[in-house]
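Shared chain: chain A. Partners: chain B in the first complex, chain C in the second.
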Partner chain A sequence: MKEIRFHGRGGQGAVTAADLLAMAAFYEGRYSQSFPSFGTERRGAPVLAFARIANSFIRRRSQIYSPDYVVVLDPSLIEVVDVTQGIRDDGKILINSEKSPDELGLETKAEVHTINATKIALDVLGVPIVNTAMIGAFGAMSGEVSLEAIVKAVKNRFSGSLAEKNVRAVEVAYQKMEERL
Partner chain B sequence: MKEMLHGSKAVAKAVKLCDVDVVAAYPITPQTPIVEYIAQMVADGELGAEYIMVESEHSAMSACIGASATGARTFTATSSQGLAYMHEVLWIASGMRLPIVMVNANRALSAPINIWNDQSDSISERDSGWVQIYVETNQEALDSVIQAYRIAEDKEVLLPVMVCMDGFVLTHTMEPVDVPSQEKVNEFLPPFEPEVKLDPEQPMTMGALGEPQWYMEFRKQQDEAMGRALSRVKDVDEEFGRIFGRSYGVLEEYNTANAEVVLLTIGSLAGTIKDVVDSYEDVGLVRLRLFRPLPEEDIAKALEGASVVGVLEKDIALGLREGALCTEVKKVCYDHGLSTKVLSFVCGLGGRDVRMEDVEKAIEVCRRAAKGEKVSRTTWLGLREAVL
Partner chain C sequence: MKPGAVITEPGSTVRNKTGGWRVFRPVFNMERCIDCGNCWIYCPEACVSKSEEGEYSADLEYCKGCGICANECPTEAIEMQLEEK
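== the complex of A and B ==
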């Protein structure tokens, strides 16, 4: 079983990101689960969302404390919360940032990757909502879900031109991350 | 067809499949998405139901009572303070023997105000004459709503049914759910055809004054109906299994065959406990699915091999210094002459996460008790002792 923790701010789409990842895993024929941290929703406040991916039905309902992956949608959160908390030593952290992993200087044994998802979102969507770009980059970084499965999840969740734009954001971010690896 | 669904949407889909006639509801977190989805279905013409907007939960249940008395298949959903506000009308629904189905998205009661999950709300309504089913998964939530109408509308039962699902933990969690076809649901659930109903063409009175020479007989009949409901819940679940390939029983036994210690719980916590007990040879789990009527024989049979039972529950019966379910398990053991030691583990109140370590701690306490060590009869799991 793989466990993923998302850090975002209310309104950035962290919960949707977790849902999209779970849906993509489901389309790959795997079992998955996604849930928010159940806080009172306030725009801008730090929020958590979680996803699990496994090869059989996921029974446990507790929150995730030792994630295999951490995805940070908002770089300013690094100053506020310890995004590395509990991450496995062989885990991977993906951060939306224009900086390089070295410049961020996180104290962790886990592998750190960055992607400028805000730029991708602004270029493609015209708004700084980074969840779809981050899932695209996550797919390339982790290999847990394919580009096709993510695109299918995005098309299921959004419709019309919004779906098209978000698919583009996923593709751009996926390619950028793939080139970098 | 299998889909990724939030628990709230799984319930809304079940309501649609049951071709409900009247929905009356008032929003309350974490139940709100259920009735939002239903309202959308009605607005889009997918569900040909009357959606009644009301100003409170008391009115929501009152509207359901009126609608159900005319022979309409009715649904509502609520949580916490909403259920508490319905309290007096819950008794009217059950006393009038109306087969209303309600989903309660389990949430803690105030004060302190708290929107998160525990089961104090529906446990507090245990004596109100409603059948209560607690589900573990979103699949079971969907399936149980469909089963609930069959149970409620059965002429031998005619009691309202409450399907309890953990708020947020299920309602806001997305997981795979197999949504049955309309044809299969139609095969399983015939239209509701009451023997008596309010009809302007043939006027009659329902819910009339029950004077002292009648009142006790009404209650006795209700109590008898609860007794019959137990076997009907089993029959309906078996028939559901034959048609849909899924059945749940009134309780589920997991690894109990050689278990010296058995944990007992209700609701979604069972999933986490299953993952924990997999690491033990001599620890099993009983997940109680039907809480009212209490399947006492089934519980006694499931517990007879165990020396210690740990009851993990998300409620506290204030004044008993233990969980309400624990007291009931003790009653079952007493009535069946079991010398099983029953320990209470209070956990998950007001949304406190129940971690796998918490379950391990409960097992450790139970194991010490099994060795004859003296242990506290009630343990609060995940409690922050330092701030007390």
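== the complex of A and C ==
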């Protein structure tokens, strides 16, 4: 079973990101779940969302304390919350940042990757909502879900031009991340 | 476990700088400014202020980068620039 924790801010789509990931895994015939956890429900407040992906029925229902993957949708969160908390030593962290992993200087044994998802979102969607781009990059980084499954999940969630744009964001981020690995 | 929703120290909110997640920041071009004060009036954070020299600026510790000031400015003296982070 793989456990994923998303750090975001209210309005960036961390909850939707976890949903889309779980949905994508489900489309690939795996078991999955997703659920959020937030304090103050307002734009900009730090938000947590979780997803589990497994090849067998998932009985665990608790919050995720030792994730295999951490996805950070907003780089400014690094100063506010401990994004590395509980991460497994062989885990991977994906951060939306224009900086390199070394520049961020996180104290963790986990592998750190960065992608400038804000730029992708602004270029493709025109708004700085980074969730779909981050899921695309996550797919490429982790190999847990295929690009096709993510696209299917996005199309299921959004409709019309919004779906098209978000699919583009997923694809661009997926390719960018793949090139970098 | 930390107690939730308990304020152990009064006035601690001022330490919570809420501007960190901004994507765009307002940059004021004072050469175009006509001192109408719209940015100061419309800012929902009340973080736009006027200095003694008459120059407007936004308090970036609280500015969320919403762009209302730039939108309201009649002379387009405020430009929203992409934040580097």
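In the analysis below, the second predicted complex is superposed on the first by the 178 of 181 C-alpha atoms of A that agree within 3 Å, B and C clash if a C-alpha of one lies under 4 Å from a C-alpha of the other, contacts with A are read in each partner's own complex, and residues count from 1 in each chain.
The rule is simple: a contact is a pair of C-beta atoms (placed from the backbone, for glycine too) under 8 Å apart; a residue touches a chain by one contact, two chains touch by 3 or more.
The shown structure was predicted, so the numbers you read here are calculated from the model rather than taken from an experiment.
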| item | value |
| --- | --- |
| Superposition on chain A - do chain B and chain C clash or fit | fit |
| Partner chain in contact with A:Gln63 - chain B first, chain C second, else both or neither | first |
| Partner chain(s) touched by A:Thr118 [first = chain B, second = chain C, both, neither] | second |
| Which superposed partner A:Gly13 touches (first chain B, second chain C, both, neither) | neither |
| Which of chain B and chain C A:Asp74 touches, first, second, both or neither | second |
| Winner by number of chain A residues touched, once chain B and chain C are compared | B |
| Inter-chain angle, chain B to chain C through the CA centre of chain A, in degrees rounded to a multiple of 10 | 100 |
| Which of chain B and chain C A:Glu98 touches, first, second, both or neither | second |
| Touching partner for A:Gly139 - first (chain B), second (chain C), both, neither | neither |
| Partner chain in contact with A:Ser34 - chain B first, chain C second, else both or neither | first |
| Shortest CA-CA distance between chain B and chain C [superposed frame, angstrom] | 5 |
| Contacts on chain A seen with chain B and repeated with chain C across the two complexes | none |
| Of all residues in chain A, those that touch chain C in their complex | 9, 43-44, 74-77, 79-80, 97-99, 118, 122, 128 |
| Touching residues on chain A, where the partner in the complex is chain B | 19, 22-23, 26, 31-36, 38, 40, 57-63, 65 |
| Residues of chain B touching chain A in the complex | 2, 4, 30, 115-117, 166, 168-169, 172-176, 268-272, 274-275, 351, 353-356 |
| Chain C to chain A touching residues, read off their complex | 18, 20-21, 23, 64, 82, 84-85 |
